[in-house]
Amino acid sequence: MRRQVSAQLQLDVTEPALLALQITAATRPEQEQLTIDCGGALIPYRELTAPHGGRLQVIDAPIGNIVIDYAATVDGEVPTPEGDEHDRLAYLRPSRYCPSDKLLATAAAEFGHLKDTGEIVTAVARWVGLRLAYIVGSSGPTDDAVDTLLLGEGVCRDYAHLVVGLLRAQDIPARLAAVYAPGLAPMDFHAVVEAWVDGAWRVVDATGLAPRRSMLRIATGRDAADTAFLSVHHGTADLTTIGVLAIVDALPNDDPAEVVALT
Amino acid sequence: MRRQVSAQLQLDVTEPALLALQITAATRPEQEQLTIDCGGALIPYRELTAPHGGRLQVIDAPIGNIVIDYAATVDGEVPTPEGDEHDRLAYLRPSRYCPSDKLLATAAAEFGHLKDTGEIVTAVARWVGLRLAYIVGSSGPTDDAVDTLLLGEGVCRDYAHLVVGLLRAQDIPARLAAVYAPGLAPMDFHAVVEAWVDGAWRVVDATGLAPRRSMLRIATGRDAADTAFLSVHHGTADLTTIGVLAIVDALPNDDPAEVVALT
Amino acid sequence: MRRQVSAQLQLDVTEPALLALQITAATRPEQEQLTIDCGGALIPYRELTAPHGGRLQVIDAPIGNIVIDYAATVDGEVPTPEGDEHDRLAYLRPSRYCPSDKLLATAAAEFGHLKDTGEIVTAVARWVGLRLAYIVGSSGPTDDAVDTLLLGEGVCRDYAHLVVGLLRAQDIPARLAAVYAPGLAPMDFHAVVEAWVDGAWRVVDATGLAPRRSMLRIATGRDAADTAFLSVHHGTADLTTIGVLAIVDALPNDDPAEVVALT
Amino acid sequence: MRRQVSAQLQLDVTEPALLALQITAATRPEQEQLTIDCGGALIPYRELTAPHGGRLQVIDAPIGNIVIDYAATVDGEVPTPEGDEHDRLAYLRPSRYCPSDKLLATAAAEFGHLKDTGEIVTAVARWVGLRLAYIVGSSGPTDDAVDTLLLGEGVCRDYAHLVVGLLRAQDIPARLAAVYAPGLAPMDFHAVVEAWVDGAWRVVDATGLAPRRSMLRIATGRDAADTAFLSVHHGTADLTTIGVLAIVDALPNDDPAEVVALT
């Protein structure tokens, strides 16, 4: 299995800003190129190590049009970063967009009759998939899992937040993974959940929009606050265009009903 | 400077539970004792490493009355854990109880005229101290910084969340520290903020209730979700009594107006 | 059927205040007495007409201990105030504690398969009764129906708000009635819902705590903001004691499963 | 002073719906025309009386394109409906979009030093005008005054809700008026506040976008839930176009700093 992924972002920086970028494959691929250009000149960046193998690039962006270009080719399976017991405790805690402490009663009412962790994870994914309508533009940047539940609409990020919130409310460690997802339509960055079931992280995608076996991890965290592909600090920068591409030569056999490990 | 700190918790476990404990000094003291007892028998625990030198104990608690006893003596200054650049980026992000993305307009309206980071930090601490009334029992466990701002009341945790939220909203890294605080009245676990100013973490305590120089760090994190002294998972356990003690032989000279590093 | 109802409130007024009182039977009984005393002297009050036959007393309360005493005897059935078409439109709108515009998706997911208004009303009452646990002290004065749904706990007011919110979200006019409820245990002011079904107001009490036939209406409105037994304006007054009594000589035959008109 | 006002709404009804319309002048003008057309045929409507002289039209709308056309000419001053004491008590209560019970601490912190009602009203209007940025499309239909305060942006409805919420939090009766506003740019339905000051309703428009003397009242209520120009019940109808016009022959002398009665 060979995946080719790429992302191009264009930003209009109107006030010098610090940009934090998370678009590179979590495990450094053998072939990879990242260029950051402003008015024909390359801009330097610092690469920081993020949790679970992630990499984050920090850019001191001057005023102007910034073009960020990334392309990588990744062959074969990539192991899922397991983390340690403290990580898993942290993934039980409520977070900004997954306020699991506000979802205790909902989780108890809907899933309290289930005992097996794997069954609960499957039931939560199915319930969220049925409860929400996937509607582009329906949700806002400050919406959390409770807002999503009440609205009944969202995009991949919102689906993931609600799944995470309901799982943590039942003491099941759950984290968000930002991924490249070959086969996703329309193509974009994608977000899925990883839930700790029987000693391993199981991928949960309540949107059911993309095959899971060929997904390629970018970033991992508590919720979208940790995995945003772009954060702007100190200055002002507007994202003007975004293009994402992810293809796989031979899509692995992927039963949509099957829950698999995210490579 | 010699500090003597101790904490005693009693829990009534009615359903076997996993307990996560954060009451030990972040840097292992030379003298320290932790015992966990159930009906006269000691219960084993696992110690996990938490961020910034913290330690977290995990207990598989059986049904019964659990008594947790901790005592330590710590001499001298303890260095502040600095963390790396990725940590500081993470402390810019909104978190469960510090939804800084909802405080952007408030921060801009109240502090937008200030430019110097140190001045902003001082102004935020003063503003929060004036805006809130310290009232025991006024806030609930799911209250975040926005709830606190609207209510106008809270305890140390709420003060800290509002300070953190307002600082992050202005792109100043801010984190929560749970501490033993000699001189605090009434004595309890205490929570303060650390803000990144001019290349170092500066302690901010908007409650002004305790001298900062003699505080002793227990846990550090994004907000109270990370620093809770006790988390109960899977089962049911009620905290029945809690006792905290923290004394210092010679309180260092501590100008209340001075902002100092937390040892 | 003869009902005897009474209420006694004691207030500590520490700053002269305007008190608005709603404790009198909506339809003026033949026998009734209301006295408002401060330090042995009677205080005058103005009686205002409230919607649907309700009466509201306004008191300019001086500093001191105020004792409010009400007693009435009501014989026979009392007709339900129907209101006009504009009233019913108003009872479709979201209100402070019944934000039905935030409950659209929940109502659609849980009751969208039902078509008959009467069936929906019955289903909502049953669902709310199962979903919530009646726990005194679990809810706060600013909690709305969404807070109650998330918390999964509440008292009669919270049950009523959630029922009202879910009904309005399905375009069924619903209003709150504050009542004296003989048979309620523990005795207190009670709140129930009235839903417009097939051309009449049907009483819905999701708590199932009191027989409906002998309830006696006090106030009617959009939610508890309209029906509060005491509102304090301008000054400061703390309610120190409250006593409510409601008895009926011959409790009418009241099938708990039956939905009846509130007299 | 002669005002000419008109409104045209076009709706696409895809499921038979009950429409409630509030676009007619509150006091019936001498010259006025309202037609509701579907596919070339006029549709009948019922006119209901709304509070404070308002009129509300109810339409049983069939599937199809509905065109609603209203035009009126109003000469001279129109008296402000005063309402009775019970009305004013109701306008002290928190409502759906004006949760004044959540704004107590904010109001006390910002305006607690003022004693005179008129001064408070002026100060609140000025504060809201400075605190918010008028940005079309910034707010959503479920946003209340707290959301607006946090966001720092909104349109006339949001400005009005925040003013009302802050006034009621200080025990000043405040209500929302939907109006035609000659001189408003861009032209649209407008919303302003009326506050009870020294025995009369004073118009407050924190947006400062239109002269107040020539405004023409459409509907009056607790907040936008009561004054919406169109509500759709039972079925499905999408508003496809909306046109509003309001002109005055001789704009009365209107000092923007002056607070006047809304005619």
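By written order: A, B, C and D. Residues from 1 in each chain.
The criterion applied here is as follows: a residue touches a chain if its C-beta (ideal position, glycine included) is under 8 Å from a C-beta of that chain, and two chains touch if they have at least 3 such contacts.
Just so you know, these numbers come straight off a predicted model, no measurement behind them.
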| item | value |
| --- | --- |
| Same or different residue numbers at the chain A/chain B copy interface, by half rule | same |
| Higher-contact pair (C-beta pairs counted), B-D versus C-D | C-D |
| Whole-Å gap between the CA centroids of chain B and chain D | 47 |
| Geometric centre distance via CA averages, chain D-chain C, whole Å | 29 |
| Chain C: positions in contact with at least two other chains | 102 |
| Chain-level touch network, classified as line, ring, star, complete or other | ring |
| In the complex with chain A, residue positions of chain B that touch it | 18, 20, 46, 48-50, 56, 58, 84-86, 89-90, 92-96, 99, 101-102, 141-142, 171, 225-226, 231, 233-234 |
| Partner chain D, residues of chain B touching it in the complex | 102-106, 108-109, 131, 146, 149-153 |
